[in-house]
Structure formats: C-alpha cells, structure tokens
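Next up: some structures, all given as structure tokens.
Shared between the two complexes below is chain A, which pairs with chain B and chain C, respectively.
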Partner chain A sequence: MTAGSVPADALSGRLGRAAVGAYSSVVLAFLLLPIAVVAPMSLSSQPFLEFPPPGWTLRWYYDLGEQPRWLIATVNSLCIAAPTMLLSVALGTLAALAVGRIGRRWARPLTLLMLAPMMLPHVIIAIGLYPTLVDLHLQDSYAAVVIGHTVIGVPLVFLTVSASFAAVPPSLELAARTLGADVWQAFRRVTFPMIRVGMASGALLAFATSFDELMLALFLTGPGTETLPRLIWDQLSFALTPTLAAVATLILALSVVLLGTATAIGAAGGRRTLRAR
Partner chain B sequence: MLAPPVVFLCVFLVMPLARVMWASIGPPEAPFSVYARVVAQGFYLRSFLYTVETAFVVTLVCLATAYPLAYAVANARGWTGRLMSTAILLPLWTSVVIRSYAWLILFQRHGPVNDGLLWLHWIAEPVQILQTSVAVRIGMVHILLPFMVLPLIASMSKVDRTLLRAASVLGATPMRVFLRVYLRLTLPGVLAGCSLVFISALGFYITPALLGGARNATAAMMIEQAVSVFLDWPLASALSTILLLTTVALYLAFARLTGGELGTLVR
Partner chain C sequence: MRALGTASGLMFEGVAKRYGEITALQPTDLAVHQGEFFALLGPSGSGKTTLLGIVAGFIAPSAGRVLVNGADITHLSPERRNVGMVFQNYSLFPFMTVAANVAFPLEMRREPKARIAERVRAMLDMVRLGHLADRLPGELSGGQQQRVALARAAVYNPTVLLMDEPLGALDKNLRQDMQEEIRQFHRTIGATIIYVTHDQEEAAFMADRVAILNHGRIVQFGTQAELYSRPRNAFVARFLGEANLLHIETCDGDDAAERWLARTREGIALSLPGGARAACAAPRIACIRPADISVSTPDADCPGAHRGTVTETVPMADTVRHRIRLNERCQIVARMTTKHQRVRFEPGDAVQVRWEPGDVLFLPE
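And then the complex of A and B:
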C-alpha cells in the first residue's frame, strides 16, 4: 500500500486536499487583496477613490514630486531607519552571543528582557520614553526616534542571530582561542561567518520595522523629524487622495525589494551551510 | 558583552515603564485617585472590555482561518509551497498603515466591497462598513493572520506522518486521527500563534483608529487620546499600567503553557 492511498487524517483525502487547496486560494487572495487595490488606485484619473478607476494617469506621481514634504519625510525616515538598523544589529548581536553562552539560569530572564519590547504595545513604550527623552534634551531630534526604534529593533535581531548562533558549537570558538586567536579574531574569523545570515535578516527586519513604525514616531518626532508613516497618517485624516495611494505604492515596492533581499540571502545562507556539510 | 544591550534596555525600556507605573500612582496626598477615576467612569472599563473582546474574536477567527491554510503550506511541495509562503510573507513586510489604508478604500460606501455585495444581491443598498467593529475585526485579522500561520506551519512541518498512518491502520476514522493525533501534535503551534495574535491585538492602535473611529476606541486609542487630546499624563499612565500588567500577565501565562520557550513563539 502506498503512502498516498491511506487518507491518514480528515484533511488528506483527495476530497480533503481539493477543499484545502480551494480554501487556501481564497485566504491567500484575502491576504493579497488590499495590496492589489492600492496600486490601481494610484493610477486612477479620478481624484475621488473609485474602484475600478474610470481612467488612468501618472498625475499623482508627478504631484508627489512637486511636494517637497514627501521627499523630506522620506529622507527623515531613511535617516532614522539606517542608524536604527546599525544600533539594533550591534546591541541585538551582542545580546544573542552573550545569552547563547550563558547558563540556563540567566538565559531565561535575559531572553525575557530582550524580547519584552516585541510583546508590549508600542503606545506604552512611547508614553514611557517621551519624558525620559525630554529629560535628556533629545526631543525633536533624530536621536529620540532612533532610540525608540532601536528598543523595538533589538528583539528582532536578537531572535534571528540567536537562531543562527544556536547552530554554532562552542567548541569551534574554543579551538580558535587555543590556537592563539584573541577574542576579536575568534569572532571575526569563526563566529561571524556563521551568524552573518542571521545578522543580515535581523538588520533587514529592524530597517523595515523602523521605516513603517507609526506609534513611536507620533510621540517622538517633531516638525523637523517627521517620518513617512507619520506624514501619511496626518494626510489620512484630511482626505483620501490618489496621492496617498501613489506613496503607498512606492512603499509597497520597497517592501517587495526588502522581502526579496531577505529571501535571497536566506536562500544563499541555506546553500552555503549545505555546501559546508 | 552583555552590558551594552542590558543597559540600553534598562535605561530606555525598564526605567521608562517603571516611571509610567510610578506616575500612575499620582500625588502622595491622594494615591491611586486616577484609578478610582478610571473605574468610576464606565467609558474606560467598556473600552478595555471592547479591546479584550476584539482580541479574543480576532484570535479565534485567525486560528480558524489559518489552520487549514498552514496545513496546505506545510504539505505543499516545490513552487506551490514557495509561492504560498511568499504570499503570506508579503503582507507581513508591508506597512500596517498602508494595509489599513487599503481597507479604508475597500470599505468605502461606494467601495469595492459594497459594490461586490450589491452585485451578488446580498444587500439591496450600500451598507455602512467603516466605523463599525466589523471593519476593525476584518482589518485586524488581515494584519495578524501571518503571525498565526507561521507558527502553525512550523509545528505542522515537524509532524511525523507515519504516526497518522499508524493510527489510521489501527482503525481510527480520519476525523479521529485528526482530533486525537494531528491536532495534539500541532498544539504547540496553536498556542504560540494564539498568544502572539492575542497579545499583539491587545495593543492595536492604527487599524482600530482608522477603521473603527472614536466610537470603537481600544485601550491603545484611549491612552493616545489621553495624552494628545486631554494632555492628562496621570490618566494615560494609569491606563498604560493596566494595559501593561494585562499584557505581561498574559505573556507569562502563555509562556508557562508553551513550556517557557519564549523564543520559539516567533520562529
């Protein structure tokens, strides 16, 4: 008897498989539907949101180019996301390496601390951070938002680096050290090559999170440091224009690029490990 | 090596949170007076109840929607599997603001959803979808669904299919195999997904604010409003403390339920 001929559970018979397949297509369509709506809206010739659009134009994209506010917000977002990424990678990697080699007793509470920002509502983190950053005279500076976004970026890097570091046996570093490498050399030549995929995917996640984040930005940015999500949010309460759809489409394109990069380095990493074995 | 990240999080997370809790106690002559105000005004309690109810409904809908989908992805091979994973990951990488904005377009009075329902003759005239809790729930399910699907896929792809065949050969009906073997083996994924979705749903702001409006205020919306509209920091601190303690309690409860492996919640 072949494996396929026994309907092992309620979902794996031929009928069950067809039903699951049809159902999955519907759910995946639900997941992609909103993303699919935004791009056509940005090309609509109508200033009011009408779907499907009655005609097509690139006008809203030109409009976007003529409003420096959007460009400034984009630059602000990048000026915040890039340092956030670097800081999150540095802190998250340090934490993952330390927690990975520490005894069980300390690993638990430290993991809890490192992952806590991911579980807490951002509004609470924002409420807490605001007075602290005002005390440090950082209000309306890039530093304020970078600190806020790094708080939520550290857990992402911590998770991805921990995952790849778990596969590195401690004996490798030990071997490097006995052979005369100092701590930095052992990290640079032995540990780093094995965790760099984890670091890179953590970095991408931290960047994407910072680039999209709204709540902390609402509290921690000032007129001079307004980020793209914040500007979109402010515009949303005015009017729903195709200009917004144009911005959204451009950001979606960036997300697709980021996801593609993540998949590519993930795949490259997988291939490399296979070859090493 | 541990010092920089621990110091950073202590200064910019633990201490600020402690400060929020401290501020919520209020002036020394009338401690906890803010909490008395919160309890006395039914509005805040109702809003907390609404938040918990929404999180609960969203979690259940996500679980029911995600389980068969995760099953299909975990058992798909080759390009179908890759295509499905990409379709699940793509929304995860796109901005929550933009996805909520897309729902705003879809749910317009003359938007695609109303048009579709009219075309199907399910409704006679356009219905109000925006500013209702239904809109909020659909939007939140859409945003949180990947967080349910991913842990489910992870635990489903670990299931040893020979166990299912063994149960089947030993005479169990397909339904029984599913309930007694498959469901039990994937229970860690179910718990992980539910905890992720439930806890994230409790703190939701963007989607309910955009799709539900002020009438359907969640806890996070009240906190934001307390600061930006009323400039009432003690009130915001008290509401934050309640939400914070609820979240932490749930986090620890779920962590205990899943055997304390907090990291596996996400992967």
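And then the complex of A and C:
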C-alpha cells in the first residue's frame, strides 16, 4: 500500500461506517417504531385509535382502573406466569444438566427435541393440548394454561442454562465428589453458583413469554382464567379504544423492566466469570 | 492368590472394566504399599485413567474388588472413599477464593470453623501460597493453581492421593520445579500416591515403583531400575528409555563351541553370548540400549564391530546422541557421555560401532 492511498481509504472507511450506521438506524426504527406509537396513542383525546393523537388526556388510564375486568385479567396473567416460571426453571434446568453430560452422540438430537416447542407454531401445540386437557377435565383451570405455557417456557430455560452449563467442566463436579460432597452438595455448592445466572435469565424469559402469550391462552383459558393478552384480543373485536393502547403500554413497561433485569443479570454474570478466569 | 484382608495400602483384585465389546481394563491385580509413590505409565488409551477412575469411584468396575487398608471400597460412592484427586486441569472452583477451595473438603466433613481456618492456613503455608489465600484461582499462574489443587486434595489427609497427569498443562521448566515440589510434598504428608503420566522421565524421577500399561493391561511393574534393566518385552524396553530393537530371524552355531551368530531382519549379524541359544528358539527381538553402544573411528582390526555412517548428531546436556546408518534397512542410536567422548562425530563421518554381547537383551515382541 502506498502512502498516498491512505486518506482515500480513510475516507471510504468513514463513508462505509456512515452507511452502515444509517442502515442500522433504519432497521431499528422499522423494528421499534410500531411499539413506540402505542404509548402516545394511549394518551389520545379521541375515543378511537388515531396517530398522531389530536390532543392529550390520561382518562383511558383512569378508565382502566374503573373496569375490574382488566384488574382480574392482570391478576390471572400473574397467577399463570409465576407457576409457569417455576415449572419451566425446574424442568428446563434438569434437562440442561442431563443433556450437558450425556455425551456428544445424544446431545445434539436431544437439544433439537428440547427446543422443538420453541420453533413450532404455538397453534399446533394448542390444538394438541386442548383435547387432552379437556379429557383431563382441566379446561378453564389455571393448570391448563400453566401446562401450555410451561411447554414453551422450558426450551427458553433449557437454552440459557445450557449456555452457562457449557462453561462448567465435568471435572469440577468430580472434584467436588472426591472432596466429600454428595450429589446434592456438589450441585448446590459448585454447579448451581455457576449456572444461576442462566437460570435467572431463563426464569425471566419464561415469565415474560407467559405474560405476553395469546395463542395458547385463546385455546386454554376460559371466562375464569382470562389473561391480559386474551382480554385485549376480545376487546379488539368490540372497539378500538385508547384503553387498549393504555393496557399495551403498561405491558410494554413491564416487559422493558423484565428485559432490563435479564440483561443486567447477564452482564453481572459475565463480569464475574471473566474475573474468575 | 487372594489378598489378605488385613493388608495395608491399596489393592486391586481382578479389577476389570468393559464397555460393551470394548475392554478398557483387563483383569488386573496390583498391590500398592502404604505411603508409596506409584506411577501408572502408558500411552493414551492404555487404561491408566480407567484404573484411576475406579479408585476415585467415578467408574464402576465390571469385575473385581478394590481394597484400601483391607476395606472393600469397590461400591462406595466417591465422597465416602476419603480419596484425594488432583486433575490435569486443576479443577479449582473458579468462584471461590484459594482459601475457600482448600476449606471445601473440610466443610463437607463438618469440621469446626476454627479448625478449618487453622488447617487451611497450615496447608497453604506448606505449598507457599499463604499470601494468596484471598485470590480467585483465575488470578493465579498455572503452577500456583496446581499447588492449590494439591493443598485441597491433601488437606483432609486422604488415604490415597490420585494424580491424573497433574503437570500435563505446564511448560517444561515449571514441570521440573513442580516434580520436585510434589516429591517434597509426598515426603511431608506421607500419603499413598497413584500418579498417572505418559512421561517416562517424570515417572522415573518421582515414583518409587512404576507400572507400565498398554492395551488395558499392566505389562510390567517394578522399580525404574528393574524395568530398565529387565524389561519383559519390547514395548516396555521402548517405553522406558530409548532402545535399538533388532528382529532376529535365524541363528547359526554350535553349543559345543558356545558360539552363536544371529541374523536379523535388518541385516545385522549379532554374536550371542554363551548360553543364549534360547534367544534363537522363537522369533525374538534383540534390544541394545543407546548408552551401551560405543562409537569410534573405523579400525581394521576390531572383531564384532559394525561399520556405518553418522546421519545425525544431537548434542544434549551431558551426552551426545548419534544416529548411525549401518545399512539401508538399519539405523541405530548411540548415546555417549560427553565426559568420555574424545571425538565428536559429524553427519557423514564413517564410524564403527560395537557393544558387549552381554549388554544385548532378548525380548519377546
């Protein structure tokens, strides 16, 4: 390379970076703007969904408070998301530990099977589960939708725990065993501290997924167990009021908090592992 | 012969391991004395790590018993064996400090806090790491981490200390320092040590006795000197120090004159010592150690000498290693101490080599 070509290269480098930056901004805007539109619409003074809003008011949020149906649906959603999270963490962690130690030959096919519910359309899971749960007389019960949501929650926990478990060499557990720890102590004192970050982020993902999920809720909830996404769906067929935008905004806020927490936990875990290396 | 129940030390009785069709360990009998430093030496896949795993309790043997001081531990789970293990990759708990790592086995044994603190301090002082007690393992060098692993595996006075290629990940200089350190450590704590390695010099330097494994079987065991001077077969001879191996094909001569001459596949004529007729009975291998071969300038009047050309000269610390071509099928290696070496030969030099017939070992394949 000659000295004269350096400025030209630097220029094209700057231009290239600017182009990549612009392109990335457009993609991000495309992804995020539909979400950003919801919050202003929830403050619209018009009694139907309109963007941009002609005026501003908080009345749709007051409206929400006055309709107990929204509160009940929120409580239902929480009552479903919490046990879903616990079940998903328990089952997903156990599966990740087993697949992580089963040996190369079985690890791949088993991983694919474990992740299948995540990639299959939820409607297929719903159609498969619905008649079975009816047979078990579980329709309209919390159990029905908790089971459904656990099916899609387990792969998420499996994925995050597998990732952190991959960094735990098998010899650490063997070392703990020779040093006098039984199976449970070896897990609690050695393995668990190294995978708890994965377990926590998996738990948050499972919780958030259950809280937002509509397809399975449509099939598996009834009048008594109606979740927030399902209520929004039902209301949509009546009227497109800014109340819906207000609910969506609140869900969005909760999701952002969960996502932020998951990211923070992951980052803290990353720093710790780095220090431990 | 069945071992006595009261024997001290570590005893294997017909211990074997099969994985379906594959035999990882042939039925093995072995007695390791209390307080002995015993090395298992062999190429990878020879069964040495399987043997270690059976003592540690990671691998259930398909047959046989393992006894420690007379007690059958074959079916005990690992945590109830009171065995210590040092792994090649150290296997320290990365999120615990050095002190917490060493305290771990004592906590598992529910020792009182004050005693744990005292033992951990004493042990870390012994491996000269007292000043690093509050560091995390990731902040230590490889040698320091291995010393922590030693301290952790020995702090609870295990009856047997197992070491699985503990120095495999260290560079050569550090490895030699650590060899010395581990020997010292063994003298101080007096535990029985089973040391797995594929480095014969390491085994020779550290161990009281060595067992050579190949294809899941102990080929021979004994002191280093025994194995070197009386190898049972060509594998042992080759594995323990360098060896020139010649394949005997035919023998001529007569018993009356006590003069025998063997011809080898490599085209070398070997004169055999008196009474070596047996060496010709079956296809056998003649083994000549490089140190037993003397190299000199060609001399017309020297019976029993072989003429050749030097192809390679490697000066080592206190020896010179010559590779010499005797014919197109045969190259041999000679090693001479520099002290007695008057002439150093260079590649291309014509030389003659000779050895005492009594220094030739006759071995099966």
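The criterion applied here is as follows: the second predicted complex is superposed on the first by the 265 of 277 C-alpha atoms of A that agree within 3 Å, B and C clash if a C-alpha of one lies under 4 Å from a C-alpha of the other, contacts with A are read in each partner's own complex, and residues count from 1 in each chain.
Convention: contacts are C-beta pairs under 8 Å (C-beta built on N, C-alpha and C of every residue); 3 or more make two chains touch, one makes a residue touch a chain.
The structure presented is a predicted model; accordingly, all values stated were derived computationally and were not measured.
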Fit or clash for chain B plus chain C once both are placed on chain A? fit
May I ask you to name which of chain B and chain C touches more residues of chain A? B
Determine, under the contact definition given at the top, whether A:181 touches first (chain B), second (chain C), both, or neither. second
Contact-wise, after the overlay, does A:255 reach chain B, chain C, both or neither (first, second, both, neither)? first
After superposition on the shared chain, which partner residues are touched by A:78: those of chain B (first), chain C (second), both, or neither? neither
Based on the superposed arrangement, let me know which partner A:30 touches: chain B (first), chain C (second), both, or neither? first
Touch test for A:189: chain B only (first), chain C only (second), both, or neither? second
Between chain B (first) and chain C (second), which does A:138 come into contact with in this model arrangement: first, second, both, or neither? neither
Chain B and chain C, closest CA-CA distance after overlay, in Å? 18
Show me the residue ranges of chain A that touch chain C in the complex, using the header's touch definition. 169, 171-172, 174-182, 185, 189-190, 193-194, 272-273, 275-277
Report the residues of chain A in contact with chain B in the complex, numbered from low to high. 3, 6-13, 16, 20-21, 23-24, 27-28, 30-35, 37-38, 41, 49-51, 90-92, 94-95, 97-99, 102, 108, 110-125, 127-129, 131-132, 147-148, 150-151, 154, 158-159, 162-163, 208, 211-212, 214-215, 218-219, 229, 232-233, 236, 240, 244-245, 248, 251-252, 255-256, 258-259, 262-263
Sites on chain B touched by chain A in the complex: 1-2, 4-6, 8-9, 11-17, 19-20, 65-66, 68-69, 71-73, 75, 84, 86-91, 93-99, 101-106, 108, 110-112, 115, 142, 145-146, 161, 164-165, 167-169, 174-175, 177-178, 181-182, 199, 202-206, 210, 219-220, 223-224, 227-228, 236-237, 240, 243-244, 247, 251, 260, 262-263, 266-267
Along chain C, where are the residues that touch chain A in the complex? 56-58, 77-79, 81-85, 87, 89, 91-95, 104-105, 108-109, 136-138, 152-153, 156, 162
